[in-house]
């Protein structure tokens, strides 16, 4: 069975766009892990809540961009609150306890969404409706814009961490929590803020994804799983690695769905994860430790 | 200025400090001597709020600081140079220094002044300001740790074995900076194994053994009393 | 309290609970009889995962795969062999779960903490997707239905199960499993697993082949989870992909945390607590019962890490 070249090219574009949204989710996850050693099982639920909050805000304000900002701010606050209440008491305990606690939080958030927004999917109206020709397809500009926006947000995160006072605080707190405190850095506050930032990136992905795939209360687990795969394949806590892995995984899934059903295409990314763990357990895009 | 009174500290179930009382006046250089594992470092960590005392009081300028959040002592003017130096290895030298500068209420000009001051005393840090902290040599890391503490504009610096493992040339540089800080009116609580250096720079000395202060008095008395030094320090 | 009298107290408590569970189906109405039987099955599943979570310190988020493959294995035996044979169902189920366990065990030798958790989750999802989409063999979304096998000892008896005798049979399997697992966990082997949980590098340094112990632990855990799957299939006479889905794995983790990890009976108590909680809350809250349950669960992780059983034990000892 030969696959036409144009289909492959379309899937390449699709894979890149999906990869950037996934990269945005994974960057937040990897930020939270890299800085606090917290494995956030509720991350996908934050994507989902971001999507729903965006949908509600869009209905009220009529502006997609306002809705995006509203969702990002709301979920950032929620994230900081979750960190301060549920996760702060677990600092210094077995890392397994944070997996368990965030798993419990994910149950609550998911059912809360079901209660608040019901079981049906919400599709957000895209802010721009233009299209361009990609072979026989009319390809929406919005998809391209999504990829660019995701890249922009990740770039902003990088600059924020690299330069500026809070970036230094965050990196100092990551490397040596105790010494950072001795230097007067309010580490618990830094942690809450970092969790808030990670959560807000998840929320942004949820809103951006809204016009593409719709928002449902069950979408969180899928995002959590895929983000985890990406973060492990890219190397835990490695921002650049997660971005490359997001694109790689999304491309592989896009190509796989040319031959099998999308449900089965997911297995391709599972296989990548398993192979990575077998041969490069520290991640594909990390220099081999000497 | 800084006063510990009958402080008890535990690590888990092991009782480390059994009622330690120490006092440091404004601008005073005080030595804290003792063999390994007698609780000197724990005393400093307790002052910094990094371990919580289970009994007794730690007061700084009259305020009880024992129960404070661990980042508060730095804001009150207590700086800490830990034994392991604890440089932020992946941060550049300048970023290491900035961890202490970017506090609320410090003007840009004051920040520059503090930085220039540190660079003047440790020119090597200026040369390497964009290099990662982890790439510095042991001696340079010690300079950086002290310079970083100076960024807090502290009233007192807690120095934990600053000369440990350093070459003699570096040791004299440390001696030099202690004098500079002293002249600048900064109090110092110096934990050391290096007895001659401690006796030279300190005005008073405490000697600890098994979690308690066994001896304390003016340095001059101790110099005259070699028996005490021999008994507790074995030199 | 001396160890002897506390051991006696343990066996008295064990006997009392056992007697209550044996009498339960005779006095309870139909609905609650089924309920208690289900608690036993889920309790066995929870107990099997405790070997990893509680004793070895590896959180498995993939126990649904063992459980589900146990169910599908039993289904295969009950649908292909005439007349349906209970023991063959158990053998097939154990083989199914065992095959998955071999996969997972192979990986678990090199993975720790979150990597293990994610990989087990991914494995269970792979099996879920295969079962969900391979409709010709597995029945796809609808699953498979089959007849309940009779209780038979070849050449001696063959009697169909009544709800009461099925309860007794399941009770018997669960109790034997418990006694066996308890024995294993108190053996030198079990002590090594606990040493791995406390400090893996040190255990390795002492000279234990940590990987081998982990492989055996995963196999053991997977087989008993598969056994629970077989029991569930026999009780309910059907199997569906939902039981391979990771939500089941999540519930198993909840059972462990709620009841008390590393105690074997704790997870069973946790399963009972969770199912009662769900039964009670879902009457008012329908599917939103997971909101309060999730809150209770999270609070227990933070404030009561030793679980209900550990909490009660400490209270009683005071």
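Labels for the chains are A, B and C, by order of writing; each one numbers its residues from 1.
We take it that a contact is a pair of C-beta atoms (placed from the backbone, for glycine too) under 8 Å apart; a residue touches a chain by one contact, two chains touch by 3 or more.
Given the structure is predicted, the values throughout are model-derived calculations rather than measurements.
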item	value
Contact graph of the chains (line, ring, star, complete, other)	line
A-C against A-B, pair bridged by the larger set of C-beta contacts	A-C
Most central chain, Cα average position	A
Geometric centre distance via CA averages, chain C-chain B, whole Å	55
Chain centre separation (chain A, chain C; CA means) in Å	33
Whole-Å gap between the CA centroids of chain A and chain B	43
Contacting residues of chain B [partner chain A, same complex]	48-50, 69-75, 80, 82, 86, 88-91, 95, 98-100, 102-103, 148, 152
Residues of chain C that touch chain A when the two form their complex	57, 59, 107, 110-111, 113-115, 117-119, 121-123, 125-126, 129-130, 132-133, 246, 250, 253-254, 257, 287-288, 290-291, 293-295, 297-298, 301-303, 305
Residues of chain A that touch chain C when the two form their complex	39, 86, 89-90, 93-97, 99-101, 103-108, 110-112, 114-115, 221, 225, 228-229, 232, 236, 261, 263-264, 266-267, 270, 273-274, 277-278, 281
Residues on chain A engaged by chain B in the complex (per definition of touch)	165, 168-169, 171-172, 175-176, 178-188
